[in-house]
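Mind looking over this structure? Questions follow.
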Amino acid sequence: MSKVLLDMKNVRVSFFTPAGEVKAVNDISFQLKEGDVLGIVGESGSGKSVTAYSIMGLLATGGRVVGGTIDFNGHRINEMTEKELRKIRGNEVSIIFQDPMTSLNPVYTIGNQICEVIIQHTDKTRKEAMERAEELLSLVGINEPKKRLKQYPHELSGGMRQRVMIAIALACEPKLLIADEPTTALDVTIQAQILELMNDLKEKIGMSIIMITHDLGVVASMCQKIVVMYAGKIVEYGSVDDIFYNPQHEYTKGLLRSIPKLDDKEHKKLVPIEGSPVDMLNPPAGCPFAPRCESCMKICLREMPEYTAISDDHYSACWLLQKKEFEGGSGKNE
Amino acid sequence: MAQYLVKRVLLAIVTIWLVATLTFSLMHLVPGGPFLAEKSPSAATLQALEEKYGLDKPVIVQYKNYIVNLIQGDMGESIKQRGRTVSDLIFTGFKVSARVGGIAILVAVSIGIPLGCIAALNRGKWLDNVIVLISTCGVAVPGFVVGTVLMIIFSVKLNLLPTYGLSSWKHYIMPVMSLAFYPTAYISRLMRSSMLEVMGQDYMRTARSKGLPQWKMLFKHALRNAVLPVITYLGPLLAYTLTGSFVVEKIFTIPGLGNAFISSITGRDYTMIMGTTIFLASLVILMNLIVDIAYKVIDPRIKLK
Amino acid sequence: MEKKNKLSLQLDVSDFLPADESEKQSLVVMRESVSFWRDGVRRFKKNKIAMTSLIVIIFIMFFAFVMPGIYPYSYEQQIRGSENLAPMEYSEKELALIEAGEDVFPHILGTDSLGRDTMVRLMYGSRISLLVGIVASVLVLIIGSLYGTIAGYFGGRVDMIMMRIVDIIYTVPDILIIILLMVTLKYPLQSLAANVPGFAWIDTIGVGLICIFIVFSLLYWVGMARIVRSQILTVKEMEYVTAAKALGSSHPKIIRKHLLPNVMGTLIVTTTLQIPSAMFTESFLSFIGIGVSAPMPSLGSMTALAIDGVYSYPYRLLAPALMISLIIFSFNLLGDGLRDAFDPKLKD
């Protein structure tokens, strides 16, 4: 059993806006082991990015970790000062953002932006950093790296820029790479290339990855464990097989129904999840998914369900599971 | 780049030519020649004078001569100040105006930019509110108001600073302050809003995720992007300084180009009006060109086509 | 993850009955949808600074347009013996009249060297400033938006030629041309008013003012034209316009329903912000002595006159200087408030 790299316990993140407190992440817990790839799945606004940013202390102004603990590689992240965090960011944990078009500073060359992070975290001279940058560019599959180093972001395509972002993220060989929807803004063919590249590099460098996405295909191809989030809460957690072949939560089931299957011979219709996500400023008292849930029960509207373990590594928070247990429990007279 | 330069220079030349033509035709549309104001010269003197300045020839010939001379850098002789060429008068006046205006621009930029940054970095705190309040007031006060109020305070009431001329550094304080007041306020507003915008950009988040220290994020990543709007303002700023110099030179009796221009207009000094207009217009057009090129150097995204 | 198998709650079988649709819907809080205009007006009303400046502007307008009509003095009236009075001071003649039991209205802000009441001149000066600002901005709005709309909507070659012209006018330093035009237009306009019947109205408005309006409409519209054109171009390429076209909407309908509402906010904001800039220029021209012609006062020319007597009567500078600053200040804040409320691009 490999070492636990990241341990999130009852983490709560809130944004304090003029309109009130928004509980973007509400009491979530999960662990990530060294070398593992964890997928965080959910729709926009479900708190997946906020979860990731809290690991790096990168929350936007107004956002704060208000409860729980985040332990990463022996550091208690949520208690570190900005100065201590700086030593970790880009060094032990790094991140790739969703939109490569805007994530690079338009007025500096690629080389400059890669070197920057190397010089920040190592004792390398500018020249050595440049050599390393060139090495990194060929590692992420960019041809003519020497020439590219001198180019500006606007001279590269979206896929190229995302490769550059990956190069920046990998520059100091981090223990954990957070990929925040790394392929959403890219063409489909490029998406596959970038994912393949990340898989390769993971093997080469031996890092862990947190993959944030709303694309279940991405998750299936890369991850060992999956966290399904809805309205700031984890509704289901399990291995890829658990989630894909034995989904327990109605939301997870809905997600799976809404993606096409290639091997589906009956040409079943895709089923969208009706309705829209809850207003995070006024979250409902019960299960946040209840208003959109087909099997919604009276209790769902009143109370938030507890987690139920399906197997050792598979949990879900749904009243239907509780119901089964309730009925089973009374039947078995336990 | 070369193609762009050629195109811009050509456009500039066309614009200057248009200004010259417009000035020339306006000056010749005015009823009442330049010598009318003088104590009713005799017909013979008038004719001699008109001959001397070529005003007796057909307008089209006068125009041709004017343009040809202009290309050679000769703008003729002043009609009111006999014996002095227009170029000479412009040069003398410009030396004075450029010094005052140049210092004012420097002051405006070197105070306005830091002020805007400080405000943006302290967004919503009292320091930001104070700077925003001052700069909002600043862009509402015309230069002549600043000049006269300064004059009342420092010369009339406190008797600290001299009110006219430019013979010592003390003489510069009030003219420079009145010239720099508005642009300082304007630049700090501009800088604040562009800094706020830049700080919300994705690449700033990237910079933060690299673990860069605060000063590096600010000076390397934010400033260079945020300063771009200020650079585009430099062209209009120069134009503003010119306008301002008319007022400031009037208030503080400074023998600069602004003063010379106003008195040539009230005195209907044809050659001087045309010369000054063309000179100032060319200056502004040229500066705008330089600013555009400087923009390219700082922002690689701008493709000069 | 914590495992909680035991139920901590007391549960009832009825809790596990399916919930009906109405129960589910009661949980979905829908935000009230509001139209762009209502939303903008609501936001504007909430903005205390902008509302205050609007009230100040209404107050100044009352002061400038209504007050002179009921004020006992007029702007060109020279009261003999009442020259150079300090605020609230009476001349000997007036004191004698008061002794005799007559009502003499006080000179609230004193009089100038010609015995003219400063207060009423301040009202007229503000009237000129407001007039210039508003009329010039409306002219700029009409010319600029027409020009910009034509260039933007037709595009192609028309657009290119039209925008080259704008480029050229843009690079010319406007203040120089304004001064030149002001000087050269004055005489033709004066002779037009004096000699051609039907043009006498020029004199009633004042040659100086007409000149200012002409030069403003000749030169200041370029900025507006650029803004309108770029707005039209962006909106034109927006997908909802393409969608509207694809759905078979007619041209006028597209313009009315999609282009106008989007451009409208920008137009209002730019026009409001144009007002103080026109006032700036007018006061500047009057200050250097080529703006509004005497005896009509302008805040700029009043300041210029006051400079001559700055050592003896420094207070005379304050009233016009503060007035012009206050007017421009209020319009700037109003414009900022309108921008925050109506510019859809800044909407969160």
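To keep things simple, chains are lettered A, B and C as they appear, and every chain counts its residues starting from 1.
To be clear about the criterion, contacts are C-beta pairs under 8 Å (C-beta built on N, C-alpha and C of every residue); 3 or more make two chains touch, one makes a residue touch a chain.
The structure displayed is predicted, hence computed values, not measured ones.
Participant: If you average the Cα atoms of each chain, whose average lands nearest the overall Cα average?
Facilitator: Centroid comparison flags C as closest.
Participant: Could you tell me which chain lies farthest from chain A when each chain's centre is the average position of its Cα atoms?
Facilitator: Comparing chain centres, B lies farthest from chain A.
Participant: Where are there more C-beta contacts: B-C or A-C?
Facilitator: Most contacts of the two pairs: B-C.
Participant: Nearest whole angstrom, what separates the Cα centre of chain A from the Cα centre of chain B?
Facilitator: So the centre of chain A lies 54 Å away from the centre of chain B.
Participant: If you average the CA atoms of chain B and of chain C, how many Å lie between those two points?
Facilitator: From the centre of chain B to the centre of chain C is 25 Å.
Participant: In whole angstrom, what separates the CA-based centres of chain A and chain C?
Facilitator: 50
Participant: Quick check on the complex: what are the chain B residues that touch chain A?
Facilitator: 201-203, 205-213, 216, 220-221, 224-225, 298-301
Participant: Note which residues of chain A are touching chain B in the complex, please.
Facilitator: 56, 58, 85-91, 94-95, 97, 99, 102-108, 116-117, 120-121, 152, 154, 165, 168
Participant: Enumerate the contact residues on chain B facing chain C in the complex.
Facilitator: 11-12, 14-15, 18-19, 22-23, 26-27, 29-32, 136-137, 139-145, 148-149, 151-152, 156-157, 239, 242-243, 246-247, 250-251, 261-262, 265-266, 273, 277, 280-281, 284-285, 288
Participant: Report the residues of chain A in contact with chain C in the complex, numbered from low to high.
Facilitator: Residues 29-31, 237, 275, 278-279, 282, 284, 286, 290-291, 293, 295-303, 306-309, 315, 319, 322-323, 325-326.
Participant: Contact residues on chain C for chain A in the complex?
Facilitator: Its residues touching chain A are 1-5, 7-9, 11, 14-19, 23-25, 27-29, 31.
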